[in-house]
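In what follows, a single structure is set out as structure tokens and then discussed.
First chain written, first letter: the chains are A, B, C and D, and each begins at residue 1.
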């Protein structure tokens, strides 16, 4: 069943606890720092529930209709359907919502494509994977994840010797009902707006970190759970015109703090198995399926960015300068190349042993690596194309409310045929995309949301067909050796 | 006479008009968006007036004491004295105040090192240059400049054909008392805090833009002059702890709007001479002297940035990883190289025909080019070294005010031997340097404050000794030709 | 009919004229500077004629069998067949033969997919396009092209005023039999080994350069035509072991000099139409079809390069250092991303109005742009991974021929379990790929074979859907405007 | 006493053994692969001995005259004299002779500025340092060095377990007369032309590698010592016109192979002290003094390169295109910045405890790092500016020897006012600088001659004033803490 926006908004008025500094917030839909983005997500639910978008954004199975991002793909066509849905959702959010509902849905659906793997390992529960996946799609749930330990977790000896509580989230006790969790978990993007959150580990744990291996999917409003938000960007009463993205798309990032939080067994996917808690993403389609969403989302953002770059140069009159035209051509080449890397994941898709279809893994990690390496450069390029233009506009569009200021503004800031207000709207938008707090956080996000650079490159290293690559040169060298008689290659 | 902070603050309570959006501000020293930086400048005046810093920051001439940045250097030692003063001022502002009082002072002092050049050209007044320079040093004036036309100025035909007022600042009438100005001028960094502003043109004007060539130094509070500020970053009531740089160093950028502003002749340096209004900076030491301040300031910021990079990696425990250590080594090499480029300007200084000493011009532009090309990369490097650390901290230090939050914060956010509050202070500071609105504006500033990239490279092109460079290869080729007889080089 | 290697070799013993400096060469198959590569091409013909490779490298039409690269693709599957054939040929040549027989074949086949376009323009002959394409596939011809004017062509006034002959190739007279050509044309890669050459213009001509617009396909041995080669790299008697690539893959580059060369009309595709002579590549599938070969070829070279990078680090023992492993992961990500961009051209293929299928144009140019921007960097990366290793080996493997040198070599140059000869073979190969004259020429080739950077980016600019890109931001801005009532967007 | 060229040439006809592959060479001054460079060095000795260059290239001490590069600098002026001499020598060799006589002279002279340090360590002999330095300057010796072990040296266990000889050079026996050496040492650039060679270790040895710590200065013609050269580039009979640099400046690289080579004690500087054998360069001025030569030399090459870039664009007519002009401006800025970093080493020079003056260490390493990071990029930039021009010229200037070819060449290759021969000379020269085998080897050389990148950055890391850098941010944070009362910084 597909929820509408109103139903979604009500579902997150569930008594959750969010701290913004010392301020406690329980209803993000009504607090100025959160209401803007909540409204955006609600509109997304309406968009998805709209019958006009039925085939694009949902699928039917056994008489029930589910959001497309819960579809387990069995064919190239299924993969294309998922890609199209991701694209529509990303376009709705201009590629700015990293953790839209279709993100974490890829993780759980990917697990559900090889749930028996979890059953085959001690402490894993494929049964719970399947049950939660099915529940989530039925509830049309919006979930997110928090899968990184606090930095201090690296040095457990310290805490033992000092008798201080280890901050890393862990199972501190367990009984028939389930486990009890204490500690903290980083960094739940979107948690302020989500219904539930996957707790787990994306980086390898040490073998003795069994208690930290707990992997579960829990509601945000569990007693004892609190969300500690980083500074919201939409906190002050900025006008939409002056910050058209910040006022709508601040998805928020929260640290999760657990204080004797009780989690029932049916929500637990992994318990007491350090290796499994990480490998589950790699040894199932989970990581790939989830990250295809991030590929598509970034591709949409890239189109937005390239479009802004072009509009900005048109507004400054620089678009016809050869060097600027070449820069735009290069940006367009990057955009096309990135979309090519996504399309290639379909052409060279993989069939899994479980009978499912999966995006090409190597191209997917290549696209992530590309985005990670180039996002800052792209932003910097647009910054250069903008020059100081943004700083030359008044602090706010409210200048229009005072007639004498309005007159001055409209006569002086107009540039040829472009009226002052249109120009200002464009530059405020461009700056909100590349220069604002929201933009700066996005720059860090694009660099790290899959993990640090070495981890991303490690995925590429892991899946590279080194034997094939080596065979090329080795074949040439061997041929030379053979054609010249044993031990006589040097005589050629 | 050196002013103290209190005197400075009083001097800018002069009835000036600043618009932040529709809000009109007349006393920047008491408005929340401006008071923080005003206080910083006042402290800088106190610092300069402190007898302990007398020799470092001021010089004596004919019994009077002036700020060092008004010194006309006659020797290598004088150049060193100026450099040291710039460094002390930059260190006071952590390299974040692009338009500190010593910036524009370099421009006027540079003009005063070759004032006769202005006298030799129609419409130029070396006499007024000398008089204003002398007045400014006596008043210990804090001046800034606005020397870029509005974008629309490029297409004057449009305005004539439409009967619309041309927005570019220009002389609209003149009489015995002086000139009357109308239009707008970009982008007066620091004007909200300065005593006066140089109006002029750093980019070439078309020959027929005579009326736009007006170059003058005027008080900020002239009737008819208003300052239109870009959005202040320190507007909301953020705590110093949470944004230690934004709360202190937002130097502000304002568009200047002129509405029948009367400027007396003694303040006019150039009138009705399009070429001179730009060449005055190039054909005197003005541009070089002023930009040495920007070199030194950037060098100080670079040290701050490299220090932060190191502290951040120490805090995350990554500093001993070989790849991180190599990154820090590279940053340190950049810092050293940049300081080398500054020191080289002294070793290879120039003697001018007027008997003054001047920093090496080519190394100076090389240093600007380096900063312009590398600042974004440096920021990005520090961003990578920080990872997502900053987002993992609470929105504000005010969590300490609620005991239960404080307890959780101090136990969970502590990392080994580093207590939570120290870590938070460091990461808030680091983010304010590289990720905040203030930081983002600085990234644009470092790219454009001397002009667009092609202009900066043009300075390097203009002053390169192409004949010497060509002579190397030409010498080799000619030697080959000669040694082999005429027309016979090919026989070698 | 598919030719074998022997037939091919005989076909280029046709009395052609090649000048290497002052030396005149008529049989490239027997001259030391050319015999190595000629043998390579002959082996490629044998490889193609091998019945085992029939389905991979050829197709059947109306009972005849043709090389696959003459196939006019009508479906996605046809495109895949062409791609596979290109890949097999590229693998045969390790991606080093830029102008293998399948390169220019793409051009003529692409023209043959829209020959009516040429008929529709004055001076164009679709009929001749079709006839030549059919002839070439029947003859299993190896063709290349020369489509750039000499630099001096830019300034025709000079030649007129001086009475000097304009060097650019042009029609100097014509009659019933055909045209007579004089002048020079750049830069016929592979011409020393090819059967025929397409003469034309890839860069726009000025409208008055009608006589230079001549576009024709001519045999290499036409009377009056001579090939002026750049210095061959395989000239001296180097051993294959010491330069395993140079001795096999120097495809040669020649300037074509025409001295009253007569070309019959049936070989002429365009005459007296400056615009058409360039647009024919863009307004038909020609440019795209031909450059897909270059994409695939580069992708194969990339795999070779990445494999060498890995083997080299394995040989030096550095492969397990984290930073090196990360570098290899990055190289592997680049390789995967590049293959993704190629695969994406299939997933998002285009259907032409003429009923043919075509690779996605935008992804294709993106891939070219990527290769052009990154090839030097990739080479530099491998150079860094090699360190100075190559210079530490003896000048030639012939040291093995002197027993006392062999003993010293085998004992001292052995490194652990890796014997000296194996190590030397690998490093000589690696150096020949990235450091030799052959490698250096390839670095220039990869940068320029499609034209200068601005031209490549221009293709990306031309085909970018700017309206779509603009619509994203414009849609957002318009929505804001609409939702707030006319002229009231600022009130939000 | 300063030797002339003839004396120098005779001095290297000393019976040395050089292997080029299997070929044994004993007189490099007469062998085609070496005679070109030998002649260059001889001309350099003549240049130095020329009375006109006396003050520039030599100094007097106690009535004797020595080459300037043996001067132990006691003042800023002495440092300037050394820099000027390096510059003159580098200009003589167009910056292409990395290991000119003034290179290694810096090493030994730097040791001689703190010889007591060697005396203070076990196995070190400051006495021998002083004696050899004095002898070398008296003999006007041309020395080079070989200070890297073979790769296999990293794994000594292997050799012990296999009973195979360890290839790393080591002392295999010793007696009253001296030590006996066996094994190999990398990579003696210039050894084919030098009089003697410093054997040592620039990278840290393991503590148990005592026998490898041997550091000595030995003649090239010692019995048992052979030089194994990498492939010479000037081997074949290329004309100077066609390769004006390769034919003159191939300084050669040789592996040194020792077979029971006897070295008398007076030539030994370090014996049986692993740590000292590396630290001697760092804990004396040796490394800095020697590398200032490399800085100056690279700066000269940079000027050559920038000049070539400009001439090439002038020849192709591209120099006036704005984008090209900007590229040249950027190259000129780099050149100026690099010279600035060198000049800065003088302005901020260091005084040593021994009463000597030394170039600023941090700027020096910064300059090395800059060159290492940017050389490939610079070469690539010039390659782009050249386009395919070089490949469009005939293989050799010998085309002029055949009248019909000469006529064609002179008419067709002339471009406007530039005659064909001049253009060809320029492009052959440019290619020899950036594209030939010689150029490719230089690209590797500039990357590695001081060691791998991490080592170079480690020098920058080691000498960075981290405490000063940290103090900036720490001071800010502490001030905040103090100004707000203990424990109360958060209340601001």
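The rule is simple: a residue touches a chain if its C-beta (ideal position, glycine included) is under 8 Å from a C-beta of that chain, and two chains touch if they have at least 3 such contacts.
As the structure is a prediction and not an experimental result, all values here were calculated from the model.
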Among the chains, which has its CA centre at the largest distance from chain D's?
A
Of the pairs given as A-C, A-B or B-C, which one copies B-D, with over half of its contacts the same by residue number?
A-C
Which angle of rotation, from 0 to 180°, maps the CA atoms of chain A onto the equivalent atoms of chain B, to the nearest 5?
180
Could you please state the distance in Å, as a whole number, between where the Cα atoms of chain C are centred and where those of chain D are centred?
39
Between chain A and chain D, what is the gap in Å from one C-alpha centre to the other?
50
Can you pull out the residues of chain A that are in contact with at least two other chains?
322-323, 326, 397-398, 453-454
If every chain is a node and each touching pair gets an edge, what shape is that graph: line, ring, star, complete or other?
complete
So, in the complex, the side of chain B touching chain D is made of residues 91, 94, 239-241, 244, 303-304, 306-308, 310-311, 322, 325-326, 328-330, 332-337, 339-348, 360, 362-363, 365-367, 369-370, 397-398, 400, 421, 425-426, 429-430, 453-454, 456-461, 463-464, 466, 468-474, 476-477, 480, 489-490, 492
In their complex, what parts of chain B are in touch with chain C?
322-323, 326
Residue ranges of chain B touching chain A (in the complex, touch as defined)
19-22, 148, 150-152, 154-155, 158, 164-165, 167, 183-184, 186-187, 228-232, 235-236, 242, 253, 255, 257, 259, 316-317, 323, 376, 380, 383-384, 386-399, 401-402, 405, 408, 411-417, 435-437, 439-441, 443-445, 447-448, 452-454
